[in-house]
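Let me give you the structure first, and then I'll get to my questions.
To keep things simple, chains are lettered A, B and C as they appear, and every chain counts its residues starting from 1.
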Amino acid sequence: MSSRETILNRIRQALTDVPLAEAAQDVTVDRSYLRRHGERTPEQTAELLAENLADYRAVVHRCTNAELPARIASLLAAHGSRTVVAPAGVPARWLADSADVERVPEESTARQLDMVDTVVTGCALAIAETGTVVLDASPDQGLRRVTLVPDHHICVVRVPEQVVDSLPEALERLSPRRPLTWISGPSATSDIELDRVEGVHGPRTLEVVLVRG
Amino acid sequence: MSDATSFPQAARVSVRNAQLRGNLRHATHTIRAKRAKAVAELADWDRLRAAGAAIKDRTLRHLDDYLEQLETAVTAAGGTVHWAVDADEANRIVTRLVKATGETEVVKVKSMVTQEIGLNEALAAAGIRAYETDLAELIVQLGDDRPSHILVPAIHRNRTEIRDIFRRQMGRWGRPAPQDLSDSPAELAEAARLHLREKFLRAKVAVSGANFMVAETGTLVVVESEGNGRMCLTLPETLISVVGIEKTVPTWRDLEVFLQLLPRSSTAERMNPYTSTWTGTTDGDGPREFHLVLLDNGRTDALADQVGRQALRCIRCSACLNVCPVYERAGGHAYGSAYPGPIGAILTPQLRGTASALEASLPYASSLCGACYEVCPVAIDIPEVLVHLRERVAEGGSTTRDGARVTIKPAKGHAAERAAMRAARWAFEHPRALRAGERLAARTRRAHPARLPGLSWSASRDLPTVPPEPFRDWWQRTHGGEEAK
Amino acid sequence: MRVALFITCVNDALYPGTGRAVVTLLERLGVQVDFPAEQTCCGQVQYNTGYRHQTEPLVRRFATVFADYDAVVTPSGSCAAMVREHYPRIARRAADEGRDGELAELAGRTVPKVHELSEFLLDVLRVEDVGAYFPYTVAYHPTCHSLRLLGVGDRPTRLLRAVRGIDLVELPGAEECCGFGGTFSVKNPDVSAAMGADKVRNAVDSGARVLCAADNSCLMHIGGTMSRRGGGPRVLHLAEILASTEGNVT
């Protein structure tokens, strides 16, 4: 007998108290928990997102779509970035004002990315109640390693269309087939005396730009 | 991994370690208050908790179907599924997969299950070096130590001890720590970042566990904070995930419950910094090869126990450890397994059986105060299971080991206790005899010492003085006439 | 209403003063209370130590002795919790295993009538001010089984707040277990003692003259630890404070 069969047989033997006719759906799951925690206008939802992002030490910026290239340029300058990687799907105009910063191709190896100062991406969506941005490796977010190895991540969220209130609302908009990265603030650890410290292996600085229009 | 030292024997030593006590007290009290606050933010916490328990029960009652569904979905998405009946088989599978890549080192994401099966030791025996990349696991590995907490394996170490370990040991494993390293957590984290980065960048094989596996889609989920998980799940060419069969959840939608319950219960955050989900392999992004090793190792034996099976709902948040007064004083090592604290006290004896002194003592490593049940996000009634397992130890009876029904004898060393229990029961069934005994005690009370040599109770506390007359005599004297009516 | 007192084995043998206080208090409130002499022990120690089969006869005895009363009041949160939370479970298991099929029915009739003292006062008699007088500083320790198993909530402190002359102060770390836990204190003496020492320190830090709880077994452990460690507040059962009146303070 294969180990697969051994395990499946043991499970069936262990569950002799479960009636044969019972279907999984017969085990009731009461889903009366809340779809979202509070009713908010899109405006309030965006405000909550900003608040919760900041609470976990992400740096939040707000601008209009027209202002975005200048805002990104100023963030790169403020960080002293000389190199930047932006996935292929990032609109060219986002970096239009940052011509002085060298563009590194998305396909770079992890070692090459380790030398890159900043990564600029969009996102799949953002969750207000938890202060989370979710990347799903779409062309404007790129390969997972691109948003992982550089130490500085600028993530652009289109407000209000990319912002959902809650985790249940996020899951139903995301595809499990795509590799997802949920990011809530910069890398952190609670491993020393159960006290939170920001900054270990992922980007130590996370800047989220909430863009309107 | 099995340890012959019983829990009380191990605790006798650890409870006297003032440094350990201080570290644990500080850490658990810090997180306790934070968890309470994070949970209080959600008005529907009790409903989420009930839904979490129900989804896990649904999964467990139909686990065979869900595992087959999971296997189909993972395979369809480009992954390879392996099945391991026990620790040895899982270790053999992982060793073989690593050897097939030609590599001699792997990077590891923190995983309880690889601790449970002793994977690092098995890999080392095969000439493969496993690098732990979670900060706390790194502290444990560099300190040649054992984990003592599910979430924070190095909780027994304070910042100064961690600095000393880094200064002394990092150089032997790779990039040394700066000699002027201070004990500020930020500097310690920075030292770990630099030390591990070279390992991430050159690693070709990673080993992980998973927090959840979605049967319907074949998706695995890893919840973490530091980014070491992302590094391991993304950069290497080969990813091997070893996961207990009970980590399955039926649907993608079910994650909406667990991704709310877990972070708030665990690190007391609305959401942990990083959650990664992946389904098989993705062309050009992440590992080219993905292996999932599904592990039994005693889980089906626990599943066969209708009271004990609720322990398999556990999502390893560690909230029960952080509120447990026994864990806080005894420390994690006294539990003698990868699973310390209240959950370990009910999981270890079910996974390994109750034959040895350690496992037979674990169900008693609790005052049954109930704090663990109160905070458990999937409503595991830990006190109920503890008492149930005590019965197995004290009275023996029918249980399942390695898939077979067996009848076990009462554990050794309980004979005197059993006799005492029988005697007490006899007295309690004969109120007149009880009354006579009470009177005798009352009459001889002046001769009772406050401490009795050999009685462990009186080692640390005085015995109560016996009153001149028991209540029933007073009642008889003052209200006796009314009894007749 | 026919009311019975379940004294508990520990109170009967070691803390008769608590039983006398319950009787005094209830009689003062106009309740005539019976003490069926055939009662013994709820079986909690046996059950919680793993001797479920030894517990069954005690469940039967309890359910029979108290079957005909309208209410059973007991000055122990822990024993009340044993009866209310575990008796149905024990009876069900006995039936499942083919023993004593009537036990479930018998227990089912008696169990819901069992009340811990503070529950009886507030839920059955509906009195919050029991007319007590107690001019001391008191800290209340909410024992684990009262708090988490039985769920008495703030009933004891509501009763205490209504006591004239009392100064109720906060006990630091109040909800933490004192470390008694029945046979836990014998099987794990070192951890139990460490927990007890912390509880004593908190009791001393509270500045109270009296440490009050609704369970004498916990107070026995805390008091025994205190007397060994050089003293601390006097330990007193809730009933003894509630029974105190002007000119007749415990």
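Operating definition for what follows: a contact is a pair of C-beta atoms (placed from the backbone, for glycine too) under 8 Å apart; a residue touches a chain by one contact, two chains touch by 3 or more.
Since the structure is predicted, the reported quantities are computational estimates derived from the model, not experimental observations.
Chains that touch both chain B and chain C: there are none. Greatest centre-to-centre distance from chain C is found for A, with centres as Cα means. Averaged C-alpha coordinates put the centre of chain B at 32 Å from the centre of chain C. Between the CA-based centres of chain A and chain C the separation comes to 52 Å, rounded to the whole angstrom.
In this assembly, the C-alpha centroid of chain A lies 29 Å from the C-alpha centroid of chain B. The residues of chain B never reach two or more other chains; the list is empty. If you check the complex, the residues on chain B that touch chain A are 23, 26-28, 30-31, 41-44, 47-48, 50-51, 54-55, 57-58, 61-68, 77, 83-85, 89, 133-136, 139, 151-152, 154-155, 158-159, 162, 185-186, 188-190, 192-193, 196-197, 200-201, 214, 217, 219, 225-228, 230-231, 233-235, 245, 250, 252-253, 255-257, 259-260, 267, 269-279, 282, 284-286, 294, 296, 300-301, 303-304, 306, 309, 400, 403. Residue ranges on chain A touching chain B, taken from their complex, read 2-4, 6-15, 17-18, 22-24, 27-34, 37, 52, 56, 110-111, 114, 127, 129-132, 137, 143-145, 148, 167-168, 171-172, 176-197, 199-203. Interface of chain B with chain C (complex): residues 7-8, 11-12, 15-16, 21, 325-326, 329-330, 361, 363-371, 373-374, 384, 387, 389-395, 417-418, 421-422, 424-425, 427-429, 431, 434, 438, 441, 450, 456-457, 459-464, 466-467, 469-472, 474-476, 479, 482-483. Residues 7, 9, 11-17, 19-20, 23, 34-35, 37-41, 43, 45-54, 57-58, 61, 89, 144-145, 147-149, 175-177, 179-197, 220-221, 223-225, 227-228 of chain C are the ones touching chain B in the complex.
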